[in-house]
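See structure below.
Think of it as A, B, C and D in the order they're written, each chain with its own count starting at 1.
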Amino acid sequence: MAGNTFGSLLRLTTFGESHGAAIGGILEGFPAGLEVDFSLIEKDMARRRPGQSSISTPRSEADQVEFLSGIFEGRSLGTPIAFLIRNKDTRSKDYDALKEVYRPSHADFSWEKKFGHRDHRGGGRSSARETAARVAGGALAKMLLAKYQVEILAWVSAVGPVEAMVDFNKVDEKQVEANVVRCPDAAAAKRMIDYIEQLKAEGDSTGGVITCLIKGIPAGLGEPVFDKLQADLAKAMLSINAVKGFDYGSGFAAAAMKGSEHNDAFATDEKEQVVTLTNRSGGIQGGISNGQPIYFRVAFKPVATIGSAQQTVNRDKENVTLEAKGRHDPCVVPRAVPIVEAMAALTLADHLLRNKTARL
Amino acid sequence: MAGNTFGSLLRLTTFGESHGAAIGGILEGFPAGLEVDFSLIEKDMARRRPGQSSISTPRSEADQVEFLSGIFEGRSLGTPIAFLIRNKDTRSKDYDALKEVYRPSHADFSWEKKFGHRDHRGGGRSSARETAARVAGGALAKMLLAKYQVEILAWVSAVGPVEAMVDFNKVDEKQVEANVVRCPDAAAAKRMIDYIEQLKAEGDSTGGVITCLIKGIPAGLGEPVFDKLQADLAKAMLSINAVKGFDYGSGFAAAAMKGSEHNDAFATDEKEQVVTLTNRSGGIQGGISNGQPIYFRVAFKPVATIGSAQQTVNRDKENVTLEAKGRHDPCVVPRAVPIVEAMAALTLADHLLRNKTARL
Amino acid sequence: MAGNTFGSLLRLTTFGESHGAAIGGILEGFPAGLEVDFSLIEKDMARRRPGQSSISTPRSEADQVEFLSGIFEGRSLGTPIAFLIRNKDTRSKDYDALKEVYRPSHADFSWEKKFGHRDHRGGGRSSARETAARVAGGALAKMLLAKYQVEILAWVSAVGPVEAMVDFNKVDEKQVEANVVRCPDAAAAKRMIDYIEQLKAEGDSTGGVITCLIKGIPAGLGEPVFDKLQADLAKAMLSINAVKGFDYGSGFAAAAMKGSEHNDAFATDEKEQVVTLTNRSGGIQGGISNGQPIYFRVAFKPVATIGSAQQTVNRDKENVTLEAKGRHDPCVVPRAVPIVEAMAALTLADHLLRNKTARL
Amino acid sequence: MAGNTFGSLLRLTTFGESHGAAIGGILEGFPAGLEVDFSLIEKDMARRRPGQSSISTPRSEADQVEFLSGIFEGRSLGTPIAFLIRNKDTRSKDYDALKEVYRPSHADFSWEKKFGHRDHRGGGRSSARETAARVAGGALAKMLLAKYQVEILAWVSAVGPVEAMVDFNKVDEKQVEANVVRCPDAAAAKRMIDYIEQLKAEGDSTGGVITCLIKGIPAGLGEPVFDKLQADLAKAMLSINAVKGFDYGSGFAAAAMKGSEHNDAFATDEKEQVVTLTNRSGGIQGGISNGQPIYFRVAFKPVATIGSAQQTVNRDKENVTLEAKGRHDPCVVPRAVPIVEAMAALTLADHLLRNKTARL
């Protein structure tokens, strides 16, 4: 169980090292007969792509997805959908000096302890480049969800100390994509961009928070005990590089609340549907969706690669001073928005399929 | 994939409804030859047991674990370890009135939407009573970890607005077990108990936070991509009833930090071991343990069952007023401490076994 | 992956040693809302039960199945169905002499090599007693299949050198159950019984063959590549104790045939359904059912425990002479008929559920 | 669970349609640090390759394997090893006439019933072309097994009515590869080749049998209950296109034997190792290897595509006469030898890894 596969019925297996021949994946369990919208895949790939704006890494990858199987005459076959993305703009030489050095707060040391042998170039498989395959797979999952009127929308809700104010009932994709930092609160977005530009100039980096909102999810998704919907979402998010925390609905704030102020009263709406009057449950009760919007937050740490000199050790346990040369983002969260959406889509589409056998 | 199994190589499958004949589980993949310390299982069962103190539910279950297989002459056989716990103090009559009613912030509505048919008595399988099987399985996982000098310690770090101050280098089990709220900060513990007693008197409930610390974990545990150690821990924790959030190491606070202040510098210690001088990484880098202590926080919402009258609807979509009669905890976190430890133990023991095939 | 679980969506996990406290299992993924026919479970348990006739072992187990969870008010809940069967008539003393001895063609030696520590009494977990849990789980799978008009019927088609002649179009359960050897060819059945009685008197044993026929299976079950329907059936059958071979449709005989004589021509029947005019394909093409009856054969070796003295070695590698004392069947195939049916039912019910997500 | 993955710890996932862009696979769980012998992969690919001799299909694919990830500086990284094989010599036009026609004893009808939408060209994913990916993955598994001195050798033991006589103690790869039919009995090989040439001239095809022998396997591999070594081997073999049966050790012949003549007596050899004096058990007892050679037979049906005209129906349920035009083998077994070896290697390498956690 080497951990390269996500999902139960809809399964994405990814492969690839950052500076190897290619990265890619296989999406299994995707139902037959769905028309594939390639432009949607391209759109999400472009949102994750390095070099997309002044506040992202100058590394520039076209990230063209080549599909190898599973699609015929524009529709899914029900067989594995394999795809690859060639690695092109790899300046592996930049990493020669790092072959023997453990970069602070990177995976170099722990991976070497695990495997003994590792591809040090660009972080190898520990690089967030692997997430490009998730975005491609997630775009397919979104198409499946769209058939059931499920919509997923994520945005940047905090960058460093700057926090956004967003009305969940009004936010839409256009607002999110209106600026390079992907924050629908235009005023906050401006402050975030300024803050990132400043850190970039200082050779420093910052963390941030992404909020994700899912609408249209039918009641009944999620499994009772270990595979609660929030448990699988938490795993999905914590599997993304640099993520440090996850909470949903009332989240960490719930710990300080009383039951009498936290409970969501049930009522019926004008369509005679059972709804909740508030939504501190975040659309999930007992691990299973209740039909209300699902929402959650994902916290990202600051990018570990920074411009200033850092103390560390090498494989021979000698003290060395590290001065980074690779090309990196001062803040990863704007590019992580489609990754969060992709992992949410894969999780929900999987549970949508799983739910098909819950009852006779 | 009905979600009743946790783990890859060490697999716990649980069964049982709160007021059915029994709950229990099967632990598969437990290596042969390990001497079983039954007193350790009993100790953890007692820590989770209802009715253990003035601040927990008066429901009283002896929670005697009967082992059915997998152990012979006191040692594990390498075959499935099956066990059951009979349900005894079930006042199912208390729930007759609830058969048709959806309790606010409970699983009644979403489960009925999923399965059509449900056991309403005591919440059926959505009841936290299921976690008794996790504690039994987790105690066995702890025994396996102890063979590798791994220790797991959790405690209550917040109850409602009351937060504890704990020195991670000094905290021990004795301090945690010194009071009924399981908070090693004695002064905070007193305030927590007072707060819970007050809410109990008011018929209200509160949330809280549990912190978990894991020492002695070898470097190299965790899998690179989707099954990062933090991802599996996050899933483990979010699968526990009432949990709303998880973060590890620097956690949500990392989002506001700069890379220059967040990075953990590598150095060598007096034993010529590679260590980090700080531990904002929380013992995990790139999804894999680096040998430093692992720590994380788990946020719990307030218990949904409260004494005051609440508005809700029934199966016929009629508005009804609910006045709860079941016996419940005003605050679940003290009893959840062994559950958090159990899930952490199952996660780590699984990864310990998984790591045995990482390299030649 | 300790191998105690069978199935993907409908999953049976079994536990228990032959002379331990109990054997049993958990059936996961069984859809909610199905009415459980307990008499059908009892009937199949009685067909597998030791001591049922003059040609089976005198060991007598009531094999009462106790259900612990997953069923409420007579219908399935969609939650795990756990059950156990207490071990009662265990004369463990009979096995004291065998603690250190490796019985020829038994699992004693290979299991000790694997696990180091083993329960020698009655073969421990390597005993065919474990299959009682499969029969209980299989009976539930049969109920699910019955909802889709799928019928499974197995019978003894050979015992030692005696072979039966059976018309697949006419055979029914009544014919199979008309005699203790479970062979629908009454004349062959008589010769089989005589042969088994003779071997019993000689303290010897014999092998045999079971044929299984499945009618009413819809077209489309089975997965394309590794989980072809015949592949999962083969695994199911070879996982039964004492089974040495499996073939389906034309089977081993196909190896000597020409394509021109083997191919099944397609045609349409009077209901305008596409059918095959012959059925050498055994109801499966390209790993997927085509709507025709599925049939296969399962070969069993002779029971390893025999009355005559045998040469072997013990744990200290000393030569010893073994004279068996346990109570065993001279021929296992009559009692194995419900086991073959149970494993076929579990396989097909699993694929029936799996097929629900094959297309939009 | 779409069935495109084989194995538990060592997992091969394959993708690709016969006339799509490429076929290939991802091998997960391969331990880090193993030196990859690419010539061994090429050798096995050449043995499976179409167009390799006068008795195989004239379709000619170079079958060049391109590795995309998981190997760095010639050694495995412990990360997924992804590879692809471009489809080149695809005369898809040959299949235009078949788009609407169900070829007898092919997968066209059952796949269409399952998926609704299918790639009819060259059989799409139901084509045995998919097995090229298994041979590539199997070659890697062989390298891992070689580190443990495990050797796998398969050969053709029957073609139509012609059967070979082979001494298991003397057979070697050189004898197998000495002729195009891969039969180590030179006299039988000649008759087999003559028989195939004759059928080819007649536009007909034939079935055959492959025998596989595995030496050097350590005692203790295989899991007790459902994942018995023979069960996983049976599944592996029945997952190969055109396979109709599997038996191991004494196989189907065991059904006619007495226990007194079937049992394998234990003894000690000159090295003080526990051995069996005979090996009707086929190297496996109670599902677990006992250190003796493992051997089994695999029966193949005759190739379904033949030159003579056949009656069938099309999608509109009209009767049509089919005259095949594709390029196919008159007998598939010589080319299936490396496929049988590959699936055996994947099965055993997986169990070798699984066994690493059987005991403390």
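Simple rule for what comes next: a residue touches a chain if its C-beta (ideal position, glycine included) is under 8 Å from a C-beta of that chain, and two chains touch if they have at least 3 such contacts.
These numbers were taken from a predicted model, which means no experiment stands behind them.
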- Task: Match interface A-B to one of A-D, C-D or B-D, accepting only the pair for which over half of the contact pairs are the same residue numbers.
- Result: C-D
- Query: With chain centres set to the mean of the C-alpha atoms, which chain is at the far end from chain C?
  - Reply: A
- Count the touching C-beta pairs: is B-C or A-C ahead? B-C
- Rounded to the nearest Å, the gap between Cα centres of chain B and chain C is 39
- Item | Centre-of-Cα separation between chain C and chain A, whole angstrom | 46
- Query: Can you list the chain B residues in contact with two or more other chains?
  - Reply: 1-2, 4-5, 8-9, 14, 29, 32-33, 78-79, 114-117, 125, 224, 358-359
- Among line, ring, star, complete and other, which one matches the pattern of chain touches? complete
- Item | Complex contact set, residues of chain C against chain A | 1, 9, 29, 31-34, 78-79, 147, 224, 353, 356-360
- chain A to chain B touching residues, read off their complex: 1-6, 8-9, 14, 102, 104-111, 113-117, 125-126, 130, 158, 160-161, 199, 204-209, 219-228, 230-239, 241, 243-252, 254-260, 262-268, 272, 274, 276, 280-282, 284-291, 297, 299-306, 308, 310-313, 317, 319, 354-355, 358-359
- Spell out the residues on chain B that touch chain C in their complex, using ranges where they run on. 1-2, 4-5, 8-9, 11, 13-17, 20-24, 26, 28-29, 32-33, 66-70, 72-73, 75-82, 84, 114-119, 124-125
